[in-house]
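Heads up, there are several structures right after this.
Okay, so chain A shows up in both of these, paired with chain B first and chain C after.
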Partner chain A sequence: MSPSETRPPETEGGPHVRHGGSWDLLGSEISVLFRRRRTWAMLVAVALIPILLAVAVRLSSSTLDPGEGPPFLDRVTQNGLFVGFTAMVVAIPLFLPLTIGVVAGDTIAGEAGLGTLRYLLVAPAGRVRLLLVKYAGAALFCLVATLTLTVSGALVGAALFPVGPVTLLSGDTISVTESLLRSLLVAAYVTVSLLGLAMIGLFISTLTDVPVGAMAATIVVSVIAQILDVIPQLDWLHPWLFSHYWLGFADLLRQPLDLGSFAHNAILQAGYLAVFGALAYSRFVTKDILS
Partner chain B sequence: MTGAGTGAHQAQGLAIETRALTKKFGSQTAVNGIHLRVPRGAVFGFLGPNGSGKTTSIRMLLGLTQASSGSISVLGQSMPTRLSEVLPRVGALVEGPAFYPFLSGAANLRRLDTADPFAPRRTRRARVQGALERVGLSHAAEKKVHAYSLGMKQRLGIANALLLPRELLVLDEPTNGLDPQGTREVRSLVRSLAAEGTTVFVSSHLLAEVEQMCTHAAVMSVGSLVAQGTLAALRQVGETRVHLRTPDAAGALRVLTRLGLEPARATNDAADAVVVAPLGDTNWQPEAIVTALVAGGVRIRGFAIEEPSLEERFVALTGEGFDVAQ
Partner chain C sequence: MKLVSRNALRWLPAFVVPAVVVTAVIAVPLQAGAAVDLPDKTPEQVLLLVNDSTVSAFSGTVDQSSDLGLPSLNLTEALPEGNDSTSPLGLTTVLELLSGSHEFRVYVGGEGQSRVQVKDRMAERNVVHNGSDIWLYDSSTNAATHLSLPADLEATAQAKSAELHSQLPTDLATPAQLAERFLSELDPSTTVSVGTDARIAGRSVYQLLLTPRTNEMLTSDTLVASVSIAVDSETGLPLQVTVLAQGQSAPAFQVGFTAIDFAAPNTDLFNFVPPANASVTEQTLPAKPEGSTGDHSGDHSPAVGEVPVVTGTGWSTIVEVPAAAVPAELGDNPLLDQLTTAVDGGRALTTSLVTVFQSNDGRVFAGAVPLAALQAAAQ
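What follows is the complex of A and B.
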């Protein structure tokens, strides 16, 4: 501790210079998120889903009848490009929401649990800026998780099965290149599907200082939404559930391309972003930081 | 008192001023209408027993929690309304350090530095390096924080407050968990910062520490501010005393009484007694008292003039009881 080098405080009350720090904080948030072993473990697990699926199908001798098992599974042996689609269908109801629940539930509550929230806020990160950066990080994770699944599916599918022009649900055939573009479109669809849940997670995360609680609550919310979605008596509610269009990406596998469900889904998710974003904002800007 | 920081003492208003600042948690009043006045350039000791409301006050000063009532101004601006202008000029350590255990010390500081919109990216690495050097952590800079000891984390917390030159430092128990060297270094660090003109607001319950580094102090008790002022003024209320060790207790009592003092035996050991006498408003010089004692045939083993200690004042203000007040 040499008592020499710091200069005297800057001119009192004088205007300080901003340095475009928002991007710095976002960069730091992303690097902290993706430097955590937990994040990598979840991405590895996501990548393993298509791998397990492909290996299981490859090793089993029995052939599936069309329509048996998850959608597209029966087509996998004929065309490896279906591995990714099948894996997506398998991962959407539980596994992807689980990883989003962990990341989004951790956003604010994780910082509160570590105590770093108070240091971020006295830095001062600004409460609104911190919420935005945290949400951007969670949204980026949604994208990375679905892309991981898509890329892993394409690679393992190509490695274990024949790859060729893909016959779509509508009966038309598209080239390999176009089918890869379609799988990116599916990844985009699923990413958008998860954005509403991520915002719900962010809101729940502002309610507590215990990250595990926020994570569990977010996951439970996604499970409940899907349960409600299969109760016929509640069909008036179904179009309002954030999980309602989760499996609707089959429309992206038709010719001509039907973007209707993509748009519906996007509008619904935007509604969730607005509502839960507003809730998270109103909760967090007035919250007493006692952690 | 060591005169720390008095050189840089500028009477240019208040760094912190609160008016009737109150914080209630449900029915409990954690901070009860305090009027803090921290002059610029001061090293201000914020004293009080456990649970007296120090950290709660600091959280309100920094805009982490909302006051139930009352107002705050920090560096001349009202808080929390002008938070985004005030906080870049303030460095803080609040209720112990907190870091990402899976990042290295240096990476932690860089992370927190990005949260400050006024911290230039260009100089970030150099500033982090400099702050780590200042707290003696250069060698552990790349070590993960989960492998840090308590004192190392505390030092890292102080380094975080020093990432930029600050006008005000708010340090909540900065020497908690530090070894004697660390404690001394924090003291000298605080003095050097004060000499550069930084106002330092430091909460503590270590009175000796406050006596050694502060120019001003305030005492909290059960949520209320029971005293505040310069250290000298706070101590003045106590008494300066003669403290004498002698085998001739009876003679000493006689001589001191003749000088107009009111001596009392502090121990009953006849062969090696301790006699204590408040100087009161008599104007005896110590050497005159010693001369009188020697002339009266009293053998002196030890003689001292005891300045009133902050501890006595503190105990008088906050009570003897050990139990945490509710």
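What follows is the complex of A and C.
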């Protein structure tokens, strides 16, 4: 077998032995990730979603009837704080999974494709630690992407439209401060929603040395899950799909605040994390690293 | 050899972890429904438990699901046309609530204070009742309706609305209302027994089982197979109502708490102030309950020939609405064509629990009976 297979097990190499090494590895992974032009391009594109929405609504002379267009879009003209919510609804089905697919699919396969995976493992980093660090990077990207969307939505909304107390779905009104808190809660919800997909992407990334393939496969998985989610004959399957609660953040916009779906979603994502984390571990520690 | 076994070991998590997750997924609900053993009670004692229930304030989540075999409705298309019925009690809304499943949040804060929230996807419908005020709010249209009950009329209005509530599916949100309705129907036509104890919304419950006696009047057998009411063993509050239809294993209709908290909810919840930019409609209730479905509950001024006629007893009761009393809304609602099918002597809507038959001369018959019984009644 390959030389890397016969070396003393890097896997049990012990994160406790070289703790500093883990943090260094994580730091370098994050700085590489966020120095990439690709990452910046994706974040800019994410930030553009609310900006485009807000500008389009601002320039348009026709007013929307309530309930027309994407959720909350008709409220935007009266209250700029709704821009972020509308943008979130628009971005969740395709755009955010797309960016997660690119980042998560690239994690292992990207290094393998560049031929740098071998060198990463030559340092006594260990495969498990490398997996963890790669996943942490992808998870951080989930958070940064949703925060980018939220912040850019709030800023452009405040710049173009009046800002005032926000009407929740229940018809109750909350203050601007509380609505900003709820926006952050929504961002947290969406971040958690994407963690399962990120782990699936990490697993797929361990299967191949072609990063583009892993990215495409991850995105396809997210699209398939959403297609399955709308087929009524498969309703027994729906609660188990990682995408099923993606739009459930609406529950955070009800009064009184309902954290039930947040918990539900988190448990579901934890399940996906466990299953695909185990698969990624098994696949990666037994993989022949040739490049 | 050694290498192979180590690799095999490394593949272990890939099988163990999914197996553990699947086991947890299966085991956790099983444990929630683990056998409950309560002290035995006779049906009468359970009924008394319900009767003596002193719960006046609680909050909870209610799940309602129907499998009535209704034809799938194209509601989005029908909605703009039936837009005069945007009132939350409109026919379209009732039909929508009767198809598929819904989640409600219910808050009851004692005397005359309650709030029901229908959780829709990215939207919510609210009914807030606080003393003499009733607010209806629909977030998808951002429209609020205010009904004020004049103080002196409140008592009669409450009686009236209680009567109306018992007929309208929209108000079956709390199981207590539903259970009351079924308990009042108890008569010699029903066998009442106590089923196996269970656990609903994390609370141990007695299951009151009502089965129609079918030995009499075999010709107009009822469609209802059984009704079971889950009664909280501690407070006597009915927590779940399940209606089974003949020849159908899935419940035809089920409404029940998935979570309940007996603490009084925050009173702020009942002080509803419509959002600043919402369109607000003012209505006074006793004038005319407009927008109410009115199709089964003849709530019109009872002129001669407009009063619904009730025939039969018990489960096989048939309600006949004379042609004059049938609301015009029914005639031109596009949903009706989708719902009904042409049958011998008129048009019929058949579901697994209820059959509605409109004869060619305009009379409407309804009941929890097979279509043939309605057609026979129309003769």
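Rule of thumb we're sticking to: the second predicted complex is superposed on the first by the 272 of 291 C-alpha atoms of A that agree within 3 Å, B and C clash if a C-alpha of one lies under 4 Å from a C-alpha of the other, contacts with A are read in each partner's own complex, and residues count from 1 in each chain.
One rule holds for everything that comes next: contacts are C-beta pairs under 8 Å (C-beta built on N, C-alpha and C of every residue); 3 or more make two chains touch, one makes a residue touch a chain.
Since the model is a prediction, treat every value here as computed from it, not as a measurement.
In the superposition on chain A, contact is made by A:G271 with chain C only, not with chain B. In the superposed pair of complexes, A:L25 makes contact with chain B only, with no contact to chain C. Contacts of A:R36 after superposition: chain B is touched, whereas chain C is not reached. Look at A:D288: by the touch rule set out above, it reaches chain B but stays clear of chain C.
With both structures placed on the common chain, the touch criterion links A:S170 to chain C but leaves chain B unconnected.
Touching of chain A by both chain B and chain C, each in its own complex, is seen for residues 1, 5-6, 9, 286.
Contacts from chain B toward chain A in the complex involve residues 59, 62-66, 75-76, 83-85, 87-90, 92, 94-103, 110-121, 130, 133-136, 160, 162, 165-167, 185-186, 188-189, 191-193, 195-198. Listing the residues of chain A that touch chain B in their complex gives 1-10, 12-13, 16-19, 21-22, 24-25, 27-28, 32, 35-37, 114-116, 118-126, 129-130, 286, 288-290. Looking at the complex, you find that chain C touches chain A at residues 3, 6-7, 10-14, 16-18, 20-21, 25, 61, 105, 117, 119, 121-124, 126, 135, 137, 139-144, 259, 266, 269, 272-278. Note for the complex: chain A touches chain C at residues 1, 5-6, 9, 11, 66-67, 71-72, 74-75, 78, 89, 165, 167, 169-173, 240, 247, 250-251, 254-256, 258, 260, 271, 274-275, 277-279, 281-283, 285-286.
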